[in-house]
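Labels for the chains are A, B, C and D, by order of writing; each one numbers its residues from 1.
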Amino acid sequence: MQQIPKTMLAATLFGPGDLRTITKPVPQPGPGEVLIRVEACAICATDLLILDHRLPGQPPFDGTFTPGHEYSGTIVSLGKGVDEFRVGDRAAVEVHKGCGRCENCIRGLYTACLNYGNLTKGHRANGLTVDGGFAQYVVAHINTVYRLPDHISFAEATLITTAGTVLYGIDRLGGFLAGETVAVTGPGPIGLMAVQLAKALGARVLLTGTRESRLQVGREVGADVTINVNETNPVDEVRQLTGGKGADVVLECSGAANAAQEAVEMVKKGGKILLAGFFKDPVTVDLSRLISNNLVIYGARGEGGRNVGRALALMAQGRLQAKPLITHYFPLPEINRAIKTFAQRLEGAIKVIVEPQKGGKLEDGSQSGD
Amino acid sequence: MQQIPKTMLAATLFGPGDLRTITKPVPQPGPGEVLIRVEACAICATDLLILDHRLPGQPPFDGTFTPGHEYSGTIVSLGKGVDEFRVGDRAAVEVHKGCGRCENCIRGLYTACLNYGNLTKGHRANGLTVDGGFAQYVVAHINTVYRLPDHISFAEATLITTAGTVLYGIDRLGGFLAGETVAVTGPGPIGLMAVQLAKALGARVLLTGTRESRLQVGREVGADVTINVNETNPVDEVRQLTGGKGADVVLECSGAANAAQEAVEMVKKGGKILLAGFFKDPVTVDLSRLISNNLVIYGARGEGGRNVGRALALMAQGRLQAKPLITHYFPLPEINRAIKTFAQRLEGAIKVIVEPQKGGKLEDGSQSGD
Amino acid sequence: MQQIPKTMLAATLFGPGDLRTITKPVPQPGPGEVLIRVEACAICATDLLILDHRLPGQPPFDGTFTPGHEYSGTIVSLGKGVDEFRVGDRAAVEVHKGCGRCENCIRGLYTACLNYGNLTKGHRANGLTVDGGFAQYVVAHINTVYRLPDHISFAEATLITTAGTVLYGIDRLGGFLAGETVAVTGPGPIGLMAVQLAKALGARVLLTGTRESRLQVGREVGADVTINVNETNPVDEVRQLTGGKGADVVLECSGAANAAQEAVEMVKKGGKILLAGFFKDPVTVDLSRLISNNLVIYGARGEGGRNVGRALALMAQGRLQAKPLITHYFPLPEINRAIKTFAQRLEGAIKVIVEPQKGGKLEDGSQSGD
Amino acid sequence: MQQIPKTMLAATLFGPGDLRTITKPVPQPGPGEVLIRVEACAICATDLLILDHRLPGQPPFDGTFTPGHEYSGTIVSLGKGVDEFRVGDRAAVEVHKGCGRCENCIRGLYTACLNYGNLTKGHRANGLTVDGGFAQYVVAHINTVYRLPDHISFAEATLITTAGTVLYGIDRLGGFLAGETVAVTGPGPIGLMAVQLAKALGARVLLTGTRESRLQVGREVGADVTINVNETNPVDEVRQLTGGKGADVVLECSGAANAAQEAVEMVKKGGKILLAGFFKDPVTVDLSRLISNNLVIYGARGEGGRNVGRALALMAQGRLQAKPLITHYFPLPEINRAIKTFAQRLEGAIKVIVEPQKGGKLEDGSQSGD
């Protein structure tokens, strides 16, 4: 095992949009925690919000907080009482560790913890309320850590959070998609994972989107049919492809303003809708249709119900491909370029990975590396 | 047993809003059906839509179709093969009889029948797609009929449909409310039944509304707290009454434009919302909150899952009071006055009952009676 | 389309164990029914009971009743009102058509119909209470018929009933096996389908059994680990393979006397057990373990919840292999030899198929054929 | 607030059946814990096992361990970080506090904690693995503590554990009993609570038992019908009372050897059985009936899912009566007499309460008191 250094490179937030790669002390794992040497950390749309303004529970913009919640790496040290893992274990993570003492956590709804952001009571959200993975080392509570099989690369493992989020939503709406027709709306990273998860669980998948290049990736990862909404009315198309009935399940992954309305129109009577993409603003929907058509709309926060473990198993079985979604890699000192690439979808960017152990120029021109 | 006459009084639709009490033949029950002598039929908000414009599957405005779906009476004749009931049984009803052959019906989702309105395939909705209870006699399929205990009056029994609708919604969201805090929004007939059902199942109930008189009825039928939204912000109040957490469940019964948004704001993280009141128009809601707060919104069509039977049991146990909700009675020939009273909430009208066996002046001035 | 003949070959029961291939009239489909030209009909363990003694609802031993419930073929004629299928459609089937009027059927629990065997009220169980597929033609109600994709052979399609039974059980216990460890006990036709279904849904599968040849088939169809119970204690082995925790789910498919006890011992705290194999006699089990370990034991009758459709989709996706389970084919006149081969597991028999359209010697020596 | 003394009376175990009331230090609450001044602690059948032989995780027989898990009292001191309660709050408790880090606890299945008995990892079971309520003071983790309304007496509150256990079982089998027929077998403390819970949730209740005096109590607390199994065959009777169908749900509370078999015979097709009473030995059951009749058997460990809170709400609403079940009170020094009274059902004993704050002679003849 390598020696653990005293200090490390980490990106920290000095103000809105002001993320800098600095040197800070390597943290120590407390009871029930492990220290992970971060090999890869993906950028998520939520990171853009975290950079821009402070989310509830987020630490102040004072140059100490390190974001990054889609990371993977190697466990290099164990906190007190931890025998669930060993030093040297490869690890993937999820975001939420509930307080364990509110009525939601006690009943297993830990991503809806009533003490969210309350560190004293034991809640922590990796990269949201406590330091995350845009650093060379990070501490994580074992409740958020999963053993990563050898044949899944660290980069691939960063997508397990995305997969876990969608799978938790699928879990909440019943989890039994075999033989059903599932419409996935929006071929972003979430949608492309949704396609694969629905396929992995035995569904027929119809994917809608606006960009042909993304729909092409959708077909590569398993969508049975893709629908370009610039060319066709997706509601009509989904109905036509289902003998007029509509989709059994709609997994809304676009966050588009009209997506909720389209979802209630393209789903079957008695069907289910999952919202997996945040909407920018409040949306207008004919909610009476929920009543007349016996519908349910599910929201799912984070990767609850230990679904990261389930998603990891599917990835280990070869049913979830992360590689077609990973388009860019950057070393940690180039994190701002990485973020720009992701945010502006430069060069067809889908998922962008930061690799904290890889050498690279600090953005001020100096050199970093291990 | 009384003789069954050849003809009867029945209200039929001759055009939008043109409902007339005429004489028409008493129908014959087919296989699996019974003939019911109607003693009471309540007016429902849906009837106003049926009178005004044709709902999907509704027969034409040609003077033949009799609406009315919240009725009760006595079984006077049995169709072929019926041994589930006896002549003389008192009966309450629900609306929907599924086709029994579509994938939804086969799986028990008969109020979401994919052959809705298709009489040939076996679907029928009492008072919506086939003749209903604004008549002296009506045919109903046994799947929609329940034996009515002697100590529940016919008038009370008409409210079982309202109760069954809400209870089906509660069933869909899990059915286990004991010890939970339930916010009921809107003290109309649906909301006042929702209050009682939530209480009957062991919940603490907070009722919101605008009319003090209705809130007063709410307290009489069991609401623990009432909140007049003209005086207080209901979201703040519900949060304050739940230690900041929000209600475990919101039963939205108002159909008010802002009700859906208020529901997502007043419900607890991880909580559930039932939509039980139709919205006049599409509504604007911050649906992202479903994601960030792990919420589910349920719609429930009709009185599925045999919940009329469950509601009837609760009424028989004395846990559902219909009487405080019944404000007016009219004979059948005065049905238009009855409808106006209900629609315009004249004289504090809540539920208005038509009694087809009670004598009364035909609205053209002639005399009717049994 | 071929002409439909007036008469056909069919195997009928003249007494316990006295099954004869005779000529009888080709039946006519009634309303909601179709006539199927039977291409393949598999022998099931239940058939052995049907031949031996009469099950509840089974017709008398008078030479008229034709068993056989795992069949497939081509639709050659439609009963009144059927537009769900077309003549020429290839078809797979399930057994149960509920009465549609009892409280269980109305709520979707049609394999637990309270009017089981009551033909007047509309219940029918293909090959159990009404004529089945050991004949050249058979009538089936559309509720029990599924369109068979072209690339699934008729012989393969006969295993859809087996698959549907297990999948219904999995449905009942939640349907969400992704990432879970599932122990399948008993590598018979049911167990070998259970292995494949659990794999198809994303589980890790441990298969226990006594015959190495069957365990070998288990590995071929996807079992991750096989455990020969003659060599190892399966409870210890399952616990050892799960880090001491036990299997998340046990699918008991052996019907062995000690299997229930072993299931409660090898399942995880909070886990679930499905009974999918009938026990010959009452069994002795430490049921207190259900309490102390928070367990649930599910029974599942038939292929409820439209799970034949789901299983068919999985087969169409190439995730269920029927071929490794099909070991023998016989023409209809040799049905008694077919049954003996299946019952005594001659020549390594697993599933044995009867093909009613294939020529063959009548067992009395005369010649048959189409 | 009273001063907290340094020492207290407590019953501790010196050997099998050797329980002595001694003086020991008053414990200190740790982080997340509270100190409760015990006012009442009921004797449970599980206590008899704890006294007799050591259950898994139980401390050694060395005179230090204090059993007693059905207790109530007043919070007199708060551990670090506790703001969920205040000193002076009246409190009821449940038994299990999960480790919070195993996969079962994280998902809310804390009574099936995989680290049961592992104090280091955070699991604790009041009165089973850590000190309980047969003492004047006891420490409890806040996850196991509920605020007790003023109008419920401390003695009544001790029955909340019994109620919570049954309610957790009802929760596990769906929680929606309104309008269903529930057979409760066995009128012991568990059965008599089951009767009340089923009634509180809107069911019709049939209670079976052997002792007329207990059945009489059953009728007093709400059973609609009681069946003396010494006089009538309970299976026949339940079927007769349900029109031949059987009970929708059976709550087995007797632990009698033949009870499981009777349960599978008296339940409706598609029905559910809860095992709530431990069986002395393995039992023999026709488990094939689970398959042919589509049944499920649920076990439920402890008072999971925060059901003590739900039960407490029902008791506060006046729907659960504890008083008819409480037959005896003893001061702490007379605990051995209390146990004998309970174990041997002396003087018609049902629930026997120990009151640690009430004065009383130590059993060696010396005097105790506060």
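To be clear about the criterion, a contact is a pair of C-beta atoms (placed from the backbone, for glycine too) under 8 Å apart; a residue touches a chain by one contact, two chains touch by 3 or more.
As the structure is a prediction and not an experimental result, all values here were calculated from the model.
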item: Inter-copy rotation, subunit A to subunit C, in degrees (Cα atoms; steps of 5); value: 180
item: Centroid spacing, where centroids are CA-atom means, of subunit A and subunit C in whole angstrom; value: 41
item: Distance from the mean Cα position of subunit D to that of subunit C, given in whole angstrom; value: 43
item: Subunit D residues counted as touching two or more neighbouring chains; value: 109, 309
item: Contact graph of the chains (line, ring, star, complete, other); value: complete
item: Residue ranges of subunit B in contact with subunit C within the complex; value: 32, 81, 84, 98, 100-101, 103, 106-110, 120-121, 142-143, 305-306, 309
item: Interface residues, subunit C side, partner subunit D - complex; value: 104, 109, 111-114, 116, 172, 245, 260-261, 268-270, 275-276, 278-279, 281-301, 304
item: Residues of subunit D touching subunit B in the complex; value: 167, 171, 174-176, 178-180, 200-202, 204, 309-314, 317, 319
